[in-house]
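So the structure is just underneath, and the comments pick up after that.
Letters A, B, C, D and E name the chains as they come in the text, with residue numbers starting at 1 for each one.
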Amino acid sequence: MTNPLLSVRDLRVEFATRRGPLVALDGVSLDIAAGEILGIVGESGAGKSLTGLAIIGLLDPPGHIAGGEIRLDGRRIDNLPAAEMRKLRGRRIGMIFQDPLTSLNPLLRIGDHLVETILAHSALTPKQARERAIALLSEVGIPAPEKRIDGYPHEFSGGMRQRVVIALALCGEPALVIADEPTTALDVSVQAQIIAVLKKLTRVHGAAVMLITHDMGVIAETADRVAVMYAGRIVEIGKVSEVVRAPLHPYARGLMAAIPTLEGRVARLAQIPGAMPRLSAIPRGCAFSPRCPEAFDRCRVERPPLLTVGDRSAACWLYDRGHAPAMTTEIVS
Amino acid sequence: MSKPAVEPSTIESAPRSFIGRLADNDLVASFLSSKITVAAGLITLILLLAAVFAPLIAPTNPFNPATNFLIDSLTPPRFAAGGDPRFLLGTDDQGRDMWSAILYGLRVSLLIGIFSVLFGGAIGITLGLIAGYTGGWIDAIIMRIADVQLTFPAILIALLLDGVAQALLKNSNREGTAFGVLVVSIGLSFWVQYARTVRGSTMVEKNRDYVQAARLVGLSPARILVRHILPNVMGPVLVIATINLALAIITEATLSFLGVGLPPTQPSLGTLIRIGQNFLFSGEWWIVTFPSLTLAILVLAVNLLGDWLRDALNPRLK
Amino acid sequence: MIAFIIRRLLASLGVLIAVGLIAFVMFRYVGDPVNQMVGIETPAAEREALRQQLGLNEPVIVQASRFLLNAARFDFGISYQFRQPVSVMIGARLPATLELAIVASILSLLAGVPLGVYSALRRDSALAKLFQALSLVGISLPTFLTGILLIYLFSVTLGWLPSFGRGAVVPIGSWWTTGLLTMSGLKSLIMPAITLALFQMTLIMRLVRAEMLEVLRADYIRFARARGLSERAVHFHHALKNTLVPVMTVVGLQLGSIVAFSIITETVFAWPGMGQLFLQSIQNVDIPIMAAYLLFIAFLFVIINLVVDLLYVIVDPRLRAAVHGASG
Amino acid sequence: MSAALQLVSVRGLKRVFDVSRPWISRFIDREPRRLLRAVDGVDFTIERGQTFGIVGESGSGKSTLARMVVGLLRPSAGQVLIEGVDMAATSDPAARREVRRRMQMIFQDPYASLNPRWRIGDVIAEPLVAFGLGAAQASGSEKTLDKAGIVARVDDLLRLVGLDPSDKRRYPHEFSGGQRQRIAIARAIAANPDFIVCDEPTSALDVSIQAQILNLMRDLQETLGLTYLLITHNLAVLRHMATRVGVMYLGRLVEIAPTEELFAHPRHPYTRMLLDAVPDLAMSGRARTPVGGETPNPIDPPPGCPFHPRCPRAIDRCRIEAPILRDNVACHLPLSDSK
Amino acid sequence: DAGAKTLRFAFQGELKSVDPYQINESFSLSVNESVYEGLVRRGPDMKIQPCLAESWELLDPLHWRFHLRKGVKFHEGQDFTADDVVFSAARVRGAGSDLKGRIPADADVVKVDDYTVDVILKAPNPLLINEWESWGIFSKKWSEEHGAMDATAMNATTPPYAALHANGTGPFILVSHEPGVKTVWKTNPNWWDKPRHNLDEVVFTPIANNATRVAALLSGEIDWMDPVPLNDQARVNANPDTQVLAGPEIRTIFLGMDQFRDELGHSNVKGKNPFKDVRVRKAFYQAIDEDAINQKVMRGQAAPSALMIAPSIYAEAKDFKRIPFDPQASKKLLADAGYPDGFEVQMDCPNDRYVNDEQICQAVVGMLARVGVKVNLNAEPKSKFFAAITAAGGYDSSFYLLGWTPTTLESFNVFQYIIGCRDQKTNWGGNNVGDYCNPKVDALAKSALQEMDEKKRDDIYKQAWQISLFDDVGYIPLHQQALAWGVSRKTHVIQRPDNYYIFAWVTMD
């Protein structure tokens, strides 16, 4: 990956609270190449959405980027003035939110949403914009778009609305689309349809997609690479097939084992004891150490950086050549 | 009994001191974070205390006609030319010490405010809970009654009710009935607001699973409403109550202007202002200025507290 | 849609009847009209005869139903005090009150909405906080005092504005009169309208602010930003529109209380409107006027409610669907 | 399946919601009443100690069914029998209470299922107080309502679900979602029920927490001999937990089968579709076949078999005649037949 | 035109009707007098003058003859004749009239010729024409044309013509009347008398709120208004363009006590009525410091009064002195009467009727408190106040404040309505709320009516006053209240103690 489209380095997001800053993202680094789907998984509150919002510059105060840098096409965008950043939004970076029911303004027609957005990003006439809107709708698989375009959001089902939302994100033909849990609110059968649309997006438009979800299944099926997040940090990042089959980080391993599968009934699911710590009480050292069956002293005092293991990276002292107990290294090989 | 599936919760369990918990409380913290709010809180507290302890603070009892000497009337405040050291803020046309009258008037105004909010709140919350929980035609009837009520603003109710009360309670004196009339009419004009709010929240809460769980163990609707739903719908009610408290005090003043306020022998702040406005042109400025100032400060402070409460209790505005 | 209107009208009719009945029962106790109709020297027998004539000795329910039946034909009887048909009197006073109330509403909207929007968009700015606090000052003094202070300042001290009355009015059509077309009429309107608007303005401003803050946190606003729409489009096309929908109801409901509050404003400014008439009628126990006024207020309220509901339906497509019964 | 083993038996359960507009509007627009058949004739039985799973898409009537089974919602028709007793038909209040005590429910949203104003000790004690079960069952003296007994029992329950007894003085907001679900489970088992209805108990939880809760439920089932009705839209969870499974579509059970069998040989095309739609975590290369269309509007379901518009195998008969559940599958052309 | 002189006049109440017969209320009577003239009128000195009757004579005590003025025309052109007088005499005693008492019901009004009218009485009445200035003459023809035969019957279903339109003979012609809003008159160019005024137009606006009314005067928006609240008089005088015209009015403000019931309706004394004891009444009297009330509450503008009639209309009033203020004596009297610790009683008081009425009552409450009597003040708007204390309300008051203007400008009126023993049938003592009753006083008063000599009549009244107010202390007179008009300095008005507003006497610079 020589020339990533998006490159995030050591991103740190804090919330200013009256008890001092709350570190919500700490040292997040990742790259996405054009045409690639990067999955981000992790438990609720791990910081997945914040990562997406930080990239598109929509963190709500008191949240703010407190360190690190974000580059798009090599240009730094984390410190752009608001007006500049606004120009990027929609045109270079698009974003889709989780809940299709609330992402659309209930008082405006679908067409109004689309035309407004298209006009904001191009020099088209309203009439041309409308034609383009219809084209976009049919592209995301809405039947009879020339009729549906004058409908209101509430007249659409959840799956349809999510397609409209995707169409809206595509209006400015962004190079990067951040999709924050685009299928969570939908039924399994519809989920598959939406995933198909996203995949087509990368194929046809060559866009990069950052797919945020907590569903490993969706990632496994859709993404090229995946980053696993835990308590505001990336604990493992690498090719999906590898991460799913043989996760390196003990958390990722626990996670994979905890997912029940269709393949057969086990007596007990493997479980990770305890719960993710609150942001205000993240332990020193490795954030996962209190729940980690393999933690050793160093884990509790020193924070592991992302260590390269093959063509993957994992933030775990187990993979620090010098200090790892010999036994666990075998897992890697 | 099986082994616990996981070890006991990891939440720190050492009980903290009351002060510690208080400092940690979001509500308290947001209160302390705004200087204006703290000032409003302090002022409200001072005024409340002044009202409660009026008999101890006030040099005279302005409600006792025997202690007001007509000879002393229209004396300017102590610090103004012609002032009398006995009267800090001067006297009114009856020789009443303004300072004492304001302290007692504050007491009356606050009592009216509090009672009418309680009265309106009690009716509104009860009806709102019933309407929201039962739904159907009971709900429809209650809401239609609310519609009728809305067409009678407090002013109209008070004007009408004053006559009714005096006709019905012929033999009790006005000093007694006026208070009741004001509380009832101001309270009546409030209940719809509570009822609508509570009804809305109740309709949301009643479908919450914790209410379903309570129904599963066979609790009666009344018990569910009181023990489970009521505490959870009180947040917005509290906000309305604060703002209504201020509104009630102002409304009482307004009604006093229309001649259905409290009798001049037991004046509220509103009555004092009503009396004082007759001296606007005559140079006896202190008769209207001090009660108005007190009223304005009280209303302002209570409203500011209401504002803060509204923002603080709204999780989405955090 | 028609069904919706009919349903609302039926409910409204119920409200009107209830108001009429309640009002009538209450009048029984407001005082004895006969006392006000004759001088103090009039002997008791004559008073009794008068009472008989007026039907005041009949059971309340008989009186009330007669009143309601007549009211349905817009016949509210003759004012005890003025010996004029109540409908004519109210009709003559109506323009004054409505003009005042509408101008006050517009004033409060014109000031309240922008101030509310501003203090929501710049929530933490000093100016917004100042507006917030200042707006409270407007409601911290009783209306009558504000009115008198205004008069003292602008009429007595500065001599800029008239202190009472409606100024010169010109008739429009056969029964409407307006003060909006003459200089003195406009000047006369300023102070009463401001006095009346002050309270509403505060209310609207705070409401707009609160609603707007809520709306600004909605997902669709965030999504609109994510699409790269300009702040202006986000604030005014998306947020403001959605903010004003709930504000509409409150403003509508408030028009009723504006009319009620105009009792005080009209009294202070000797504004020849219905509020003043009503207050006089209470003092004079002029039951026909009181009853007609209350019914009128109820009617106004009902109409406003209906209009607001219809506006809702027009503005909010979700409701439109519910009303039309379209599914899916 | 002998009757003695049947703890729960549901017969012809229906629930119709009237979602019509007000009568006057309907009258003027000459529009009929609009009825939503949320649950439309469901029959099943559950044997003691088993877990009966119900799966279906959003809006298929799962929650409505669950609420009717526990008695939170009155059925429009049909019966729910607990060991042959129909709670709705029992006039004796004591007997009703006893039936009620024997079944409890665990809800989907751990954030809404606990009263935010109550300490969790009180939350868990509420069924004990309501049913007059003071003393711990070990002491043998039931029906004695003493404070100490309740406290002791609450402590036991907290420990049983993996929490610390000292937690009982805290409020719900101080707990994580998984912990809240444990508390909800503790409340559900407080009155020693036999039967627990679980409406999507883990769908609001993260997978790592889901595993904890599912394990806990299993453990409790083993130690307390509980019977579950487990509702979910997650087939994998069902596969893991259920002994038998019913598949719901638009208010009807379209297929009932023992778990293994259902997953191995789905017979209804809809079941097949659901199975296909599950993302393939094992990355076995199984292609997902996105099915066209979405769940129809339940207010006016398609005529005939409600699934026919989305069914790849639909024949003319499907468009006219609604299949009934025969041989545990409601399809004119069940898959196994064709194979 | 530019030189037109418009008098802008404001009053606290509204003009209910332009038909003077409709309500017996001094404001409406006085204003309507500018349009409708009576057979007689009163001059600035209150003396009766000829008006539409040029002269009259008493043929015998029961027979009055009036010679009518010739050449007088109504505003709409009709000639004024004896027919109009006879018609009006019937109208004023007819249905809907509130002035029925102006002419005894049993008197006959007879046309002698076109310009002579006789009034034949059943009983002598020297005071017959005392109230006749307010009984304006209607045109018979006009009334018939417009169906204004009666002052409106209350239950009329159509609006009465005469309530909105007027056609008199007076100096001003009604231009428009919007009830409760505004009334406009213009000068009658064809008036029979030589106008003293120089006005072209009069505009009347009711301004109920005191502060607004004062402001309107101060800002020069009105030329004349009534009343100026006592508090604001200094301010009005301080203003270079305005002044207060103050003077004692003939209305007397007094306190009454229930001496009728055996147990007071609103008191803590049970089983007896303390006010039946003259010592208690006197104790109340002596507890009240009327001078303080005058100085502080009335700002020195009132005239403390020993009698219930103003000195300006009763020559011998100067011989009477108020019973002195003496709290010690008062306490002693109360103790003697068996109330050493006082008692508790409710006082009813209007709060929008008389000058500073509520404040007077408050002051009284304070003064009585200091002799141990606890008074619960019930101050209410006049509508409610009068509803309770009049006959219709069952004279429901134990202790009250009331004001009375003898419209005949003569003591008899007070004895007839206020002091006389109550008699349902004849309405004698009809406003004697507390029913103070001494037959001796009644006999004296009635005998005065037979007495045609004014001086002798006054002597009879003197005895009656002595008994009722000093021996019996039947009432506690307080003062004649102050009259206070506010006028701009360019407006010259003539103030009469009966508070009549005579537009015809106004000149403007």
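We take it that contacts are C-beta pairs under 8 Å (C-beta built on N, C-alpha and C of every residue); 3 or more make two chains touch, one makes a residue touch a chain.
This structure is a prediction, so every number in the text was calculated from the model and none was measured.
Asks: Identify the chains adjacent to both chain B and chain E in the sense defined at the top.
Replies: Correct list: C.
Asks: Among all other chains, pick the one whose mean CA position is farthest from the mean CA position of chain D.
Replies: E
Asks: Could you tell me between which two chains the number of C-beta pairs in contact is largest?
Replies: Top-ranked chain pair by contacting C-beta pairs: C-E.
Asks: Based only on mean CA positions, could you tell me how far chain A sits from chain B in angstrom?
Replies: Inter-chain centre distance comes to 50 Å.
Asks: From the C-alpha centre of chain D to that of chain E, how far is it in Å?
Replies: 87
Asks: Taking each chain's centre as the mean position of its Cα atoms, how many Å separate chain A from chain D?
Replies: About 32 Å separates the centre of chain A from that of chain D.
Asks: At least two partner chains per residue is the criterion; list those residues in chain D.
Replies: In chain D, residues 179, 212, 215 touch at least two other chains, as defined above.
Asks: If a residue has to touch 2 or more other chains to count, which residues of chain C qualify?
Replies: 30-31, 148, 152, 156, 217, 267, 282, 328, in rising order.
Asks: Send over the residues of chain B in touch with two or more other chains.
Replies: Residues 5-7, 163, 166, 277, 280-281 of chain B each touch two or more of the other chains.
Asks: Quick check on the complex: what are the chain B residues that touch chain D?
Replies: Spelled out, the residues of chain B in touch with chain D are 1-2, 4-9, 11, 13, 15, 208-210, 212-219, 228, 231-232.
Asks: Can you list the residues on chain D that touch chain C in the complex?
Replies: Contacts found on chain D: 21-22, 24-29, 31, 34, 297, 299-300.
Asks: Which of the residues in chain A end up touching chain D in this complex?
Replies: Where chain A meets chain D, its residues are 43-44, 157-160, 187-193, 195-196, 214-218, 220-221, 240-241, 244-245, 254-255, 258-266, 268-273, 275-276.
Asks: Quick check: in the complex, which residue numbers of chain A touch chain C?
Replies: 56, 58, 60, 86-91, 94-95, 97, 99, 102-109, 116-117, 120-121, 152, 154-155, 165, 168-169, 171-172
Asks: Within the complex, which stretch of chain D touches chain A?
Replies: Residues 57-58, 176-179, 206-212, 214-215, 218, 233, 235-237, 239-240, 259-260, 263, 273-275, 277-283, 288-292, 294-295 of chain D touch chain A in their complex.
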